[in-house]
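Below, each structure is written out as structure tokens.
Next come two complexes, and both contain subunit A; in the first it sits with subunit B, in the second with subunit C.
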Partner chain A sequence: MLKKTIAALAASIITASAANISGAGASFPAPVYFDWAYMYQKATGNQVNYQSIGSGGGIKQVSARTVNFGASDKPLKPKKLDRKRLYQFPAVIGSIVAAYNIPGIKDGELKIENKDLAAIFMGKIKYWDDKRITEDNPGLNLPHKEIVVCHRADGSGTTFNFSYFLAHVSEDWANNVGIGKALDWPTGLGGKGNEGVASLISQNPYSIGYVEYAYKLKNGFGAAVLQTASGKWVEAKEENFKAAAKYAKWTPAKHFYQILALQPGDNSYPIVAATFILLPREATEMNKEVVKFFDYSFKHGDEDAKKLGYIPLPEQTKEMIRSYWKEHGIY
Partner chain B sequence: MTRQERRILLNNIIMFLSSAAAIAGMLFLFWIIGVLIYKGFTALNLDIFTYDMAPPGREESGLRNALVGQLMLVLGASLIGVPIGVLAGTYLSEYGGKKGRLARLIRDISDIMMSTPSIVIGAFIYALLVEPFGHFSGWAGIAALAVMMVPIVLRTTDDMLQLVPGSLREAAIALGAPKYKMILQVVYRGAKTGMLTGILLSIARIAGETAPLLFTSFSNNFFSTDLNQPIASLTVTMFNYATSPYDDWINQGWAAALILALFVLGANIIGRIIIRTKKGDR
Partner chain C sequence: MNRLLDTIFHNTTRFFAISVLMVLAALFFVLFNEAKPAIDAFGLQFITNSKWAPNMDIFGGYPAIYGSIISTIIAMLIATPVAIGIAIFLSELAPPWIATIVGMAIELLAAIPSIIYGMWGLFYLAPILRDIWGGNGLGLATAGFVLSIMILPFMAAITRDAMKTTPPILKESAYGMGATRWEVLKDVVIPYVKSGIIGSIILALGRAIGETMAVTFVMGNSHKIPDSIFKPATSIPVTLANEFTEADTDLYYSSLFYLALILLVISFTVIAIAKFWFLRNLQEQRV
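Right after this comes the complex of A and B.
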């Protein structure tokens, strides 16, 4: 009662300006959301304040209803969405790359087998000139330097997708580390957000870490050549991300729950992930405002997303999302 | 070696060690200030004050919204924290007495509060003002900073008022002044420079806080003066920018650090000048 009175009082003192939306969560799509919000504000005057606090934080804050939308790279299962009373839809697709900073070795020169990548992140391959790495890279002069592993320290959807991938290519990883937003890391340095991991990689020579492709582009790191689901070498390049993304099978009835790692195809980069928006079901009016922002971005934001290294959703997926919105009365 | 020589030697060793420690402390201070000034001034330009925060790599990018937000937060916290702190300090010194049980309890509690990690205060305000209301807000940030401020102002006010000699109070009472007049016109007047210094130092203290704002006032990428909404602050922006991988954001983070440091340094220096001039008067 008191709470309501105070809230009403406060609201009457300060009349809200144009629809201001606040959202928080994943750092993986943060660069593109910042850009979309910037353009949306220029075009409509509405402010979409997105804060990059990690997928774990995004799920927590939208569940606590302290933000208007949450963002997570780890999709929530339909059951969990029902329990937390949330809607969920994808916003954009990105890719996680194994980014390295080895003086003298350029982008895309280093090949790492998927299972060896797991061994590196488990601390079982300790030096860059380990036989398991050199045998795949006969032309490269790899130094006898210790590998500095950089990973996330916060609850992260990027970690979820990366560990999902590693668990499916390495039994050792699946049995001893597992899949999750936050892991019990056997080795390495922890950073907060994709931002934090990117800074760690750039500050530490001979390091390797996993970041969203946009962060690799902005920082000029090298990205390792990995393997497709069937074991073919595949470069971390936009066309290969797209090749993987086209295998996505979206089902609105499951709130688009879908993990995109290890898709079939000869050119499919193995760690591609969609990033999701979470909306509180009861906030119909505010959801309409949030949906307007994403609708605008779907219409006008593709070029921006591509420039930053993301893959925009295909038109038919966007249509699918629009009918999902309509079905729930928020479009 | 005679006893005298041994004592001189020991004396010299101790002197050397303590001077070395002092120099090491100073060295780090000047190192920090030096790096801050160098990196901060190279990043500082007019755009910082005229444009709002923008995504990395944009031309029209600044910190205007964070500066305004920071001022609003600090001002709001001061408006709440200073009166409560001064009044509570007055109670302790003038009504509670040195030995009073309640006064002693309050003093102990405020000492504990002063050493409470600021992130704990942030979490407390989150549970009290963010979760129940369903949004991050400038008010929550103000409340968190005010909670931090009260014990500092309370203790300095208490200490300063107690420095006023009891004979002055007795003289005022003897002349027939009621107690409130005695406090307002005699005790406050005698302690005002000390109280003002305490207030300035407490403002300087809270102005540099990030932890209590992280999940109360949150942050805002846009210009907003609505305290019901998340609001940007220099400290949180600095934290976000400094840990980001973008060069332009990192530079702006340095500029924010410099502005903040100059503000805090300014408040400290003004506080010290006030103490100096007071001593000169005597």
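Right after this comes the complex of A and C.
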């Protein structure tokens, strides 16, 4: 009797641990991964633990094989994936907004030219009533107040995508600051994580910062109207994020390596970014479990992702990812 | 049997004592080893270079070192006189019941975790200081101010305890010769407890220079040398706390270890100098 119980107990521990998936990485998609994990556990009983430690940490941990999957907002180049022996595919798309806190100016009222946004984050536009801002906003009464720039203090995939965008709209930025997950910021206050930047923005009147759209929704900030790749004004709105996501040209042969900033199209918001999942190539059996989770989320998770302010991948992209999984024998 | 026990006891305690040295040596070794690539790449110029651009693999520790030292100095300048004042009041001037209540409150303050000071500093102090000082309320001055409040109870409690050790007979003789309260304090109590005061300052300095959480909240996190103490800056522990998890190039990782090594050397030197001075004073007193 006792023997049987122990055997049953041992078996249950073994099966439980077999279905236990652990992942770590980007904080940008963390809210939606938490939601998907909860949904998946309710449906299948399998547990997914996701630690939101940042993209760099995610890459490091999956490279060291301490987690079953890593998550990064910055896609790895095919060469690097081969060296680290990883697979890579996108999971969900998010967008980065220039969120501001200017008393009296509502969401979507303020227009900022892309190159002027770079000048603000370089400290070259110092006041809100600078001519470069007022000439685009004739109807607004912008105060003569110093602009408080808020940025990330930690390394971040969000910073990578934002600086990639700025470097492509401003030569000055490209030459003097550059692209990266952590930068030599010319000016401003640093906060840790999207949450940290959001709290700096809400604490400091006359501030501007860049955050994931979900954090803008949660905190009720205003988001600046920016420009499409061809210079048309475009609001930070879901349909415009979606319009941009449609143009993404994914190539499974390159492990979906692609940066989504500045897509063509009249309504394409300029700073959308996919966030990626990384899998260790040798862990075929475990990868199948992880893939099952993402496959389930692709099928049932779109509504939740939208609610949280993310853009689900288009159906044909999902199909492409499924054939990528098949090709590598993990589906 | 007894002798055997004695030997075992002797050796065990000796091992414990030596293990402290071993831990210290291991710490230095690991930090140095991990910092080696950055030391090779930047040398001592790391200390004076003020550009910190991880995306270009350029690392200079000057802003962080500067921030650590300046915020600590600000904290000490504010906290030391106030702490000594509190200690004098509690040990020499206050009626016993007030001294007991205030003394207990101070000891409770010393037990508050630093993250709470940080949150308080960010959410309540920073907006107030923003109105008083201008700027955005985050920076070296705010960090120094929060640090000073953090170390104050600690300094006050130790200084008060030291003052209480002044033998009553010394004080009474002075009063008997017609000395005023101020003279007794200046010429009897303070000289007698000087080493205790210095000791409390050293301990507080050690806490302030390595403080992470409270300062991360209010420093502003900017790798620039600020042109005023009211502008955002960074410090060594703040940089480490913010950037370690995302340091993905070897040189970046190693530069953070280099900063940690510098912090260890700074606090080691400060405490060694202070301790040397402190001990010498103590000996002079005994003579």
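Going forward, the second predicted complex is superposed on the first by the 313 of 331 C-alpha atoms of A that agree within 3 Å, B and C clash if a C-alpha of one lies under 4 Å from a C-alpha of the other, contacts with A are read in each partner's own complex, and residues count from 1 in each chain.
As a working rule, a contact is a pair of C-beta atoms (placed from the backbone, for glycine too) under 8 Å apart; a residue touches a chain by one contact, two chains touch by 3 or more.
Note that the structure is predicted; figures quoted are calculated from it, not measured.
With subunit A as the common reference for superposition, the partners subunit B and subunit C occupy clashing space. In the superposed pair of complexes, A:F34 makes contact with subunit B only, with no contact to subunit C. Within the superposed three-chain model, A:K192 lies in touch with subunit B and with subunit C [touch as defined at top]. Once the two complexes are laid over each other on the shared chain, residue contacts for A:G155 go to subunit C alone; subunit B is not touched. Once the two complexes are overlaid on the shared chain, A:L142 sits clear of subunit B and of subunit C alike.
Of the candidate stretches 58-66, 94-102 or 166-174 in subunit B, only 94-102 runs into subunit C once the two complexes are overlaid on chain A.
Shared contact residues on subunit A (touching subunit B in one structure, subunit C in the other): 191-192, 199.
Of all residues in subunit C, only 51-56, 58, 122-123, 126-127, 130, 136-138, 216, 220-224, 232, 234, 241-243, 245-248, 252 touch subunit A in the complex they form. Note for the complex: subunit B touches subunit A at residues 54-56, 58, 130-136, 139, 218-222, 224, 226-230, 240, 243-246. Taken together, the subunit A residues at the contact with subunit C in this complex read 53-57, 59-60, 148, 153-156, 163, 178-192, 199, 203-204, 207. Remark: subunit A residues 3, 7, 10-11, 14, 16-17, 20, 22, 24, 31, 34-35, 37-38, 41, 47, 49-52, 64-67, 191-193, 195-196, 198-199, 202, 215, 218-219 touch subunit B in the complex.
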